[in-house]
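For reference, chains read A, B, C and D in written order, and residue numbers begin at 1 within each chain.
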């Protein structure tokens, strides 16, 4: 069911700027790679919230007219991706609601592992649900809380949820940012003159000329209102579990997250990959654009020249009409085409960041082979993905992950490469500099940092005990 | 005036395929880099022509419903770009008209240098014009011709025009491709099973699984109908003048044109550039994506590591809303952001294919400088552009070309780089292997291969003398 | 505030028909006069509810594609009008929600007088509100009820609300129709073969070939499920208060409501008006189309010929662009134009159903005067409107009702007519045959049939006492 | 073939007003009944023409933004209707073109009978055609003319065409209105302050507060430029042939055309109809809205009370989705519903303006019968339509006109009425006051006032003899 599975998302917020909605629009634009399905912005003019959400890209949704109707000096925004078919405007964010204390908007990146249990309890209490999003649960919990201020109510609500969350709350006169105690997803704090900025990645600050101040810490709550910025640590501390896949694939190379620049880490993965799995190749070819950084590192370490042998079509549309007559490798050709002069008669090392279902990899290898390559060595800058993610990245079911049921050699045969090398888990850990075990490698190892609650637990009893 | 200036364009045609419009759609999609403003397809079901043209990208314009309304086994298509402001659906192609022999569609890449004279004469004769396109002139000349078949009428019409043209004609039962005697623009011939294909570049064949047969020769006319393919050379031969800028910038790297693969040529330009203008740099950074191939060659020859230090935003929309408060380097940041960790404290060689107005280059250099680079060496893989193009590439007026009025050292100061090196014209000639003087370098040298006719010529008298 | 004020609305429901959504679409189309701002349909396929709501007219919103996505054998629909400016998709109906027992959709015609009190109580309990509609209150009350079935929960919820309501509920396997004990708004029951139909007016049955069975009684609840139709009377009976304005203006002339045909009643109002206020006129002119029926009666009784002297433009668009230069009577001319040949030099009796703000009447009279009429006698087929409606018709604030602060003679002077005659309240009562005082005349008399609750009442205490 | 058949159209022009496009928009809005398929406006700012045309209603096509892009003090506009299926934006008007003298726009109401011959000749001469409209022929003829000014060229062109035309020409600095010598279609001249107005009907002047000056005479050409208004009569005079169907059905009742008010004529048709075909009926029911005026006259003369027994749905959309299950009389019910209380057990006289195919009449009669009427007398306020129109009204082929092949008694049986009476041709002539034979009754009599030219005529020789 939708809602159990995490989604890719990006969030952005600004407090104290005369063009709050415009900056949020630009911030979301820079975070577009984190979600291309829907986007939304909610602004506050201190009296009331103004909201606009729609399906599509940020640059399509937010026209000048739409942005004019989002007045005020504070705003939060959200971009979202979810698997095809389940897309629905109802599930676009930020989510907004009226409750006894006024209006509230919330933007959420991550997902909760005890969502079902909480939803059942809330419905039993008489709560009505409008969407299938985890996020709505948090709003109900806040509405049910008796604390005096929004921060207190949010803390009380969040103490009941488990999972991954970076959250932005906006009320008429306050913006609150929270990162879960495990720090699964990145969240960064910035300034632009007197305005405070919060974003999923630092690249959002770069676009609007903002200064990166620091990361928001795991378990930290940052409250921004007319009295300035206040930081709290209301949750019981735990060992962090940063998502290593943000480094491997998800974040933008120019961003700085989890204490490192993404490009630098990704390049090092390529270097380490070359050490673990050298290849007797004439050229190194990256898969655009996700394999670029690792391929640079690989080629440099292996002293094999890099060539951009796969040309990407930059005008890929949302829907694509395929002719009835099947064309060989059609699906992947829409996006990529090999430069035959480079591959003809060569031994080629193809570098990519990861393999999920392996169907696309197979098409690419076959296409390169048809373009004349004699030997194809596939090098992957992360370990085999064997387990799904429950903390905010939209991986497929376990049965669809090829590495969950096939050996590396079997995958090599399936994708028709000559040799296949994956980066080792140890190599990955070394590259990200994880000395304290503060990263989550669950998708590679199955070692989930949070236990999944069952409905038999006693959380059911606790929820309303103090009402 | 609009119409005097050339436009970027791409053309595609297919004859003898049950999914002619679908293939044309895909072919145009692969040629989208040659024009993003408007697109159109005309198909023939042997009885009548069916047409659809609109503003926008190929993938947006052609829905399944639109393609269904383009039946038949032959079709031609066109993508077009023109300078902002003058865009108009009237000027979208293919152009269609009824005349005494039936219906005719025409798709044109290039532009004519005696368009004004011909238009004045035609209007004096009583011809009505619907558009401001050169292309319409050719159709009027065909309508006025008395020859017995379309090929004959097209030859008679084209003998009166001077300039650059790759043309596709479609009548109810024939497709005709013509390349002007100078061969300014590329035009290639292919097959897909029993169907004949024509395209501006070979990358269009790759996408649809077609086989590249050969280039259509300068001055060649290819007629395809139910009797098969026939080739003619109806024009007086001249020395070819292939547009060298197709190699430098315009064509796609995976295409094969003018007897060479574009990527290979472009990479060699980088190699030659490194020889002519070495740089004492720690890293080589290409400007995405146009500088990629040359930067690879440059880095390789100079043995300086390549790093992808400028990250491109892949979701750039058509219109972009800028905040009222000016943000430093905003315009270029929408598209590019530097990876600070790479540039900080480094000596950097930035490789690009060309400089036109230099305003974007200046923004990029300043942005890299702000990202911490100590020394910035700009290397350009073509000579300074000093003259406008009149043969189908949309360059600005001469006064706007910075190299037409500034020395290289002045440009270096303007764009704020530490050193600036352009590839020499001789180097460029050597790389493209031009031993017979068969390329046009007019934008670098001012040596235009066609004399521009004045209204005082006697062509005015000749036009209708035999009617 | 929005939500306190009633809106014009129409509702339609069908149970047990293979084309439930299609029939609902047609039913709403026939009820379009009851609300032109937004429309929605929810259908049930017995497993889940399917919903589509949008701003606009029924014929614009529901395309073939949209209707295909509303499968199932039962459906309810809603058309809605509200004052300009407050329109918002959030407030479109039917309203849908998930709660502990499953899914629920509700369509509501009318409005509640204790909405604020209930909303405050519900928010204090922790309920979140998505809209500003009264209707959402009823859904929250149902979600909080512990009764075993939907009918029981709906009764429990409705016992807490006061005001005017005709409601349609749709769950996965049941449709429920309820009319409030006062019977303010009409609600009728019909059959089409084996399917049950419910609608605001009988004209909806005519369009789809359905048979009118009977009116749903004040205070009656009709439950339709796979066991057939069941009728209940769960509320304490009160004297009915049918809205007399449905007869005067709101319902369609071809409908049968409150035991009478609307045209027949409206024509009788004209006959009675002629008796009370004869006019020495050459011709009778109705205001299209609302004055048609009464004018027929007036002309017949007064033996003055009727002429259709005001021509209506049938293509009135939603937004209209007025030239900057003011044109005399522009606003009303967009809709109406007099036939000068009829009015020139004549004494004219203009018959309309009612006067609200009098600004439009003034414009019409001035326009007719300019068209040459010598004497203009205005005759209104209802008494002066002196009080706003709180039971589901969107009248303006009391201060905007001209008759609340001006005498008939003052109104006559303001609208520039020569004489002005209103039907008497007694005449109105006689025409609708109200022997038992079972109609609401509050807009004419201020005698509201329900006392408005204050927040100090004890309903606050009762709401959750049994939880 | 399309183009041979006339279309319904309306035209409007203004010269010398700062809001020329806005007034034209309003003028077209008032003329919307003359064509609902497409609309267009062309304005002139004295330097260049600005144009916008689209499919749809005037109020949908012309937004504030569109109108802003139509600057200048003169403008012409057009509304158009054509038979379903042949609609195409290419055939929307005004038609615009560039020729040797500059730019030209043209709006045309009517159609030509020698269009085919002229088109063949023009194509033989080398002219290209963009559309299938007669109107384009006139523009080509103008472009081929050698006269010194636009008026001269237009006269020369129009001397070659035969048929019905009211034309508006707009060049950069002139507006020209022409009405064909037979005066088939109406065309009226007006003023608004210093601006000159031209329209198909006077109702267009009423909306914008313009004054009706006079009709433009058959064969008159009115030239308006900065020197003021000039009138010419360049054509050989003939006996006029005003289209009597404009009075019967087509024009708006509030308009003044052919020297009379339309409502007054239409009412007289009803009076005469009552004299010729009295009915023993309890009530007279008009078919909305086309039967209104005649029914008033009929009821008055016959002293039978009028009742508005058919209620019209005012929200009819363009496309309508019919349920798969056939509903009785569905097609007509979408638009009309009888008031059963009026018809039950009654003898009813139904008055309509005309019968074309009779399928709709049959549905209406059956619907009224089902609503309980005992006797139904159909009365038609014009004679049987036996012949198609070739002068600008879009009647169906002769074989589809029921009266071309059926007697009145047969039609009576087909539509299932009890009695059927048509107005006599003599009665019609008397009502329109046609003492000099200055009307066209061809659709009733087959007496076409223009001989249709064959291709064997000598017009072919004359066309270019003087070139």
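One rule holds in what follows: a residue touches a chain if its C-beta (ideal position, glycine included) is under 8 Å from a C-beta of that chain, and two chains touch if they have at least 3 such contacts.
As the structure is a prediction and not an experimental result, all values here were calculated from the model.
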Neighbouring chains shared between chain A and chain D, ordered by label: B, C
Common touching chains of chain D and chain B: none
Same-residue or different-residue interface between chain C and chain D, half as cut-off: same
Chain at maximum distance from chain A, centres defined as averaged CA atoms: D
Centroid distance [mean C-alpha coordinates] between chain C and chain A, Å: 49
Interchain centroid distance [CA atoms averaged], chain B/chain C, Å: 63
Distance between chain centroids, defined by C-alpha means - chain A, chain B (Å): 38
Where chain D touches two or more other chains at once, by residue number: none
Chains grouped in pairs wherever the two touch, ordered by label: A-B, A-C, B-D, C-D
Sites on chain D touched by chain B in the complex: 97-100, 120, 123-130, 139-140, 143-144
Chain A residues within the chain B interface of the complex: 18-19, 22-23, 25-26, 29-30, 32-33, 36, 57-60, 62-64, 67, 203, 206-209, 252-254, 256, 261, 263-264, 267, 289, 292-293, 296, 300, 305-308, 311-321, 323-325, 327-328, 330, 333-334, 337-342
